[in-house]
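Labels for the chains are A, B, C and D, by order of writing; each one numbers its residues from 1.
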């Protein structure tokens, strides 16, 4: 008989991602039938003041400044990790060891070594029914889930081109402040891991193919920035009197790639594409069709059917992905009443809790996230080697 | 000293609108600072089974099948009316008389007479601090709130054209079932009151002008439909064995209008525009600028600055209305991470509760909603009189 | 045996339309196989200096300031009328009487009476093989010709909605000068006849249905303007020292309409839609599909297939109408290499000369153009009668 | 005193490009004031039958099957080379030696060595007033010329990103035939030289910067194709009974690049992007602004002004580049009446003849075209060297 006790969650992280996950935990059971009801049990942050205030604001029962408390408590079932990348491995390993299900934000870790440790631990934990997932939330966009369905159905035929550019502009201004996202020790990398990782995961997931080799470039346009004053948006507000510090990550990255099925990939990620707010774009061309997507229009999928059945009516269709026939949509509003960014996280919680209920591995597991990490590593290696084509290491079978 | 006790809400209605309001009541205090904390106290529906299930699902503390209970209980502060239009007047009058703040879905009523009674009662209740608002939720779209700001700032100059078409297609199929929305006794009218009312309110609110006269047409393309089997989407699913019943409302309406400032309005609303899912579109042209909006891309506003400062760079701008400088947005996600349909209701609750906290009249009050009702009445009168230009009755000063 | 002698053309009018027709006469035989080779024989204008200069510039063999010369010369086969509307009837009647084929710019005339005279004369001339056509050039847009094909094939099913707005902005500025287009004596009407006539013809032609009644409004926002100094663009440049004169035509018009098949039409035309340069837009919704078009993107047609064969992939397709399978396109460039405004006129000449070669009636003949004129007259009558629904007079069978 | 004799042109090549150039020579003097009137004197092709027919069709006074005749005749002023790339060098050198002005289609040659010879010859010929230009026609698109103006004015600030993808799909189908464009001996390369060369030239011209190094990949997805039967479109129609032959050029290419000013470039070109007909797209992001362009909407430029003067109204503007204030446009139609593909060539002739009249060097001269050729060579070299970053050789100062 299925376990129907509440699923008590501890969330580690109180900033942007923490808020997004909180809203998702709160909302998921109101619109979807979940095998277990999530309870927002414990919020963990570094500062007592901030954490207490956020726990009230975001609706958590208790709060703590010690993540080890969350891991060690018997009444916690899930550890949800929304901290900077340098802390993922320690928390995740402890949580898995303690038998907690783990949801960990992306990128999985700041190095392949850490990611391997996490994937190994996750694989072992899974033996005893302890499950883990990495937060590549864009997979939960209905339009992208529909694209994946189309590709899996063979509508596009053999895939030839993947063209993914993730464009933001919150660092265009050289006066934008340093934040932890610009510190390699904390963030691991810049645009590469923060947003490029999303494109890599999305591309591999959509096509069902792996990136086998890359030729890459990293670029830092602004090498020094003022220290951050207050928190605001992705990067905060600069303190005008503060000293300047070095930017130790990439502002932008670009690479070409080969996929396991032979497709040619072109990837780009930047936080300096003036005017592009969150243009997470991907286009895939196959022998008999194409899809195109831009997160700035997240409720739409462009689809071209080139199978030749109606030649004079061929054209990219703008599918408004808000119909009950579309992934995730039936549980929401009537057709045409779109979703927003936060609903990606709601869907993520639905998929995670559903997997926990069924006792099956959620996707992407840490192994899949490690695959992304290996691409990130190959990108960095290629960029250091004058863009020479560099193979992506793969797990041995 | 301000009243900081919780604001206990009773919601009447368990269907689409009830779900939207529930999510809004739940979410508003998590992202906005409200003067009083809403409590989801009581859900009222007609069927005990449905209401009990929905109360659990949507997160209400108690449930009832008698709206009079909600009105008479001392521990309820707000009555939120999400029922079909024929019931609005009775519930609202009782609630106001009982000293409850009232939020009432649009259109305010099914006739001008009812709306007058409601506006009068609201005006009287306001004397003793009892407040009321009508749910023209599209006003809470950040892009439209930005458009209103632009117009109020004089960017567009004198307004010459208002072009509003609200296009849906869930009745395109003649086999789509009868629902209460197609029954004049319940709904008052069809596309006119259901979606056209939104366009009318939006147009008057954006321009700050009133519609003074109209020349109108109503059309019913499919005059009989099968009875509804199950609830689903806006109209439900037809029961194939059921008898057919008459459609007693309009499928589509169109009218031209004159605004108090001289602008020419062209309005259209239909539920049979095949392929348009929820295209609530409005374009306004002024002497020195224009705005255009389509709810299918709710996070965008098109704006044309024709003030002549940069002639070779003139063009409609696609403003991605997701920046902290934009209305409502600072409380949400980083720039470029858009909102969805449900957030209109969240904003509505924020504005309503803020007004209650401040003891000021929320907008649109029942008087403004009556203004819309009078336009609806003029449209119906003109349509009956071979589209002859028909003045819109106005409140005497 | 077919007449293969050159087809000698006299063009009356040296301004914008004259230039467009000249380029079309020159280009048509270079890309299409025509039964007779057009010869640009004679250009006729009012001023000797201008006409002589334009004849050289535009490539005409001879020039004249007397249109009667063109009509009376034996070596002229075609009279192409590009003058203001007040002169059409006299020239056309004389030309037909002289046995010349006639191509006449739209609107056909400045009144129904004139148009009737022209249609009657054309019908009589046709008996002896003298052919005539009216210049509703937008019919020659490949995207619209494709739309017509789709509708004729029944893809859209029964037509329910026609939504046509033709938006320009060259009169937005109150300082824009008076030109002949603002003088009722010359132009007949304003936006109504100049651009609204295009929408009316396009709508009737696309649907294959007639407008049977209208409810209309005309509006003049700027009632006085400075006299024109120099020619430039559509309206010329104002002479700042000149006196102001009255605008005697409409700046904008709007009407609702009923089509012979029951569809509801909404039409609008204005020259004061700030930011819309030449947005000749039309959308048609049928029971099972829709098309949408905007001349600002003239190489594209949006098409929605609602016939239910692929529900999750439904969406408006952006057809890039540049493929050899599309109307007119095979004679031009490779797929994706679009056409421009002038090619409408090239296609018009192709269709006209092809009809002359075949001895068959070109379309739209003067009778069809008279149908448009009758709609214009009904619009004006309704506008005068407080928008009362006004039937469109029809030819008796 | 300026030479005002006619400018007699010989055109070599009778296919797609020959037709485009013919129409441009014919049209240019009708809309622009040229210092000398072009005369379409001589058409040269390989087959007598085809050439004779095309001369008549396209409007040339005489025809020949020997390009040496064109070069050696005294009554020819301009040699216009529209043949496959393997023949450019021989014809151009002979023409320059004979004192003819030369317009040569792109890419300039099939190798750097040939291009160097041509650039050297052009430089020497220029000493005696013999001028030459390479046909990078996309520079003549009004929208792109406007983009260049914006960048030159400093609106975008320092350029950081260039993102150019030129996407076609006429080879998506593996059954599409072999044509000379797929034969390395004739075409030099595939997508790289045919369309990628356009992107390279456009990017360098728009930014005013040079590509200094590249990391590149070439890909051939379909390695064998059936022989061509008949000519049609870009590639012709396959002969189903014919033998298959090898494709010896690239189907697609991609490279990252560094510009002389530090910008990061990402380039892609393919003829297998199913559904993209002629999507010659480029986006450039600078510190304070961006532009974006897609040739499928050639009359539009997207422009983002990020200079901070109106933060809440920031957004990409869709400039309809059809106004007299825009480059090339004043000589054409009223605002909003767009141009087509062929007008690029008209503008090219205008610029070329204007330069000849003024005795100044037209741009791009063969030296600039050699710069593009050197990038093509670096791309090929990098692709052979496992994408290793490869410097672009530059002319010594």
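Everything that follows uses one rule, which is that a contact is a pair of C-beta atoms (placed from the backbone, for glycine too) under 8 Å apart; a residue touches a chain by one contact, two chains touch by 3 or more.
This structure is a prediction, so every number in the text was calculated from the model and none was measured.
For the pairs B-C and C-D, the count of C-beta pairs in contact is higher at B-C. Centre to centre, using the average C-alpha position, subunit C and subunit D are separated by 35 Å. Between the CA-based centres of subunit B and subunit D the separation comes to 54 Å, rounded to the whole angstrom.
In whole angstrom, the spacing between the mean C-alpha positions of subunit B and subunit C is 41. Among the residues of subunit D, those touching two or more other chains are numbered 276, 314-316, 320, 323. A complete topology is adopted by the chain contact network, contact being made between every pair of chains.
Listed in rising order, the residues of subunit A touching subunit B in the complex are 16, 20, 22-23, 26-27, 30-31, 57-59, 168, 170, 232-234, 276-279, 295-299, 320, 322-324, 333-343. Taken in their complex, subunit B has these residues touching subunit D: 146, 149-150, 301, 303, 305, 311-320, 323, 325-326. Those residues of subunit B whose C-beta lies close enough to touch subunit C in the complex are 156, 160-161, 163, 165, 167, 169, 172-174, 215-217, 219, 221, 252, 254-256, 262, 264, 266, 268, 270, 272-276, 283, 285-290, 304, 306, 314-316, 386-389.
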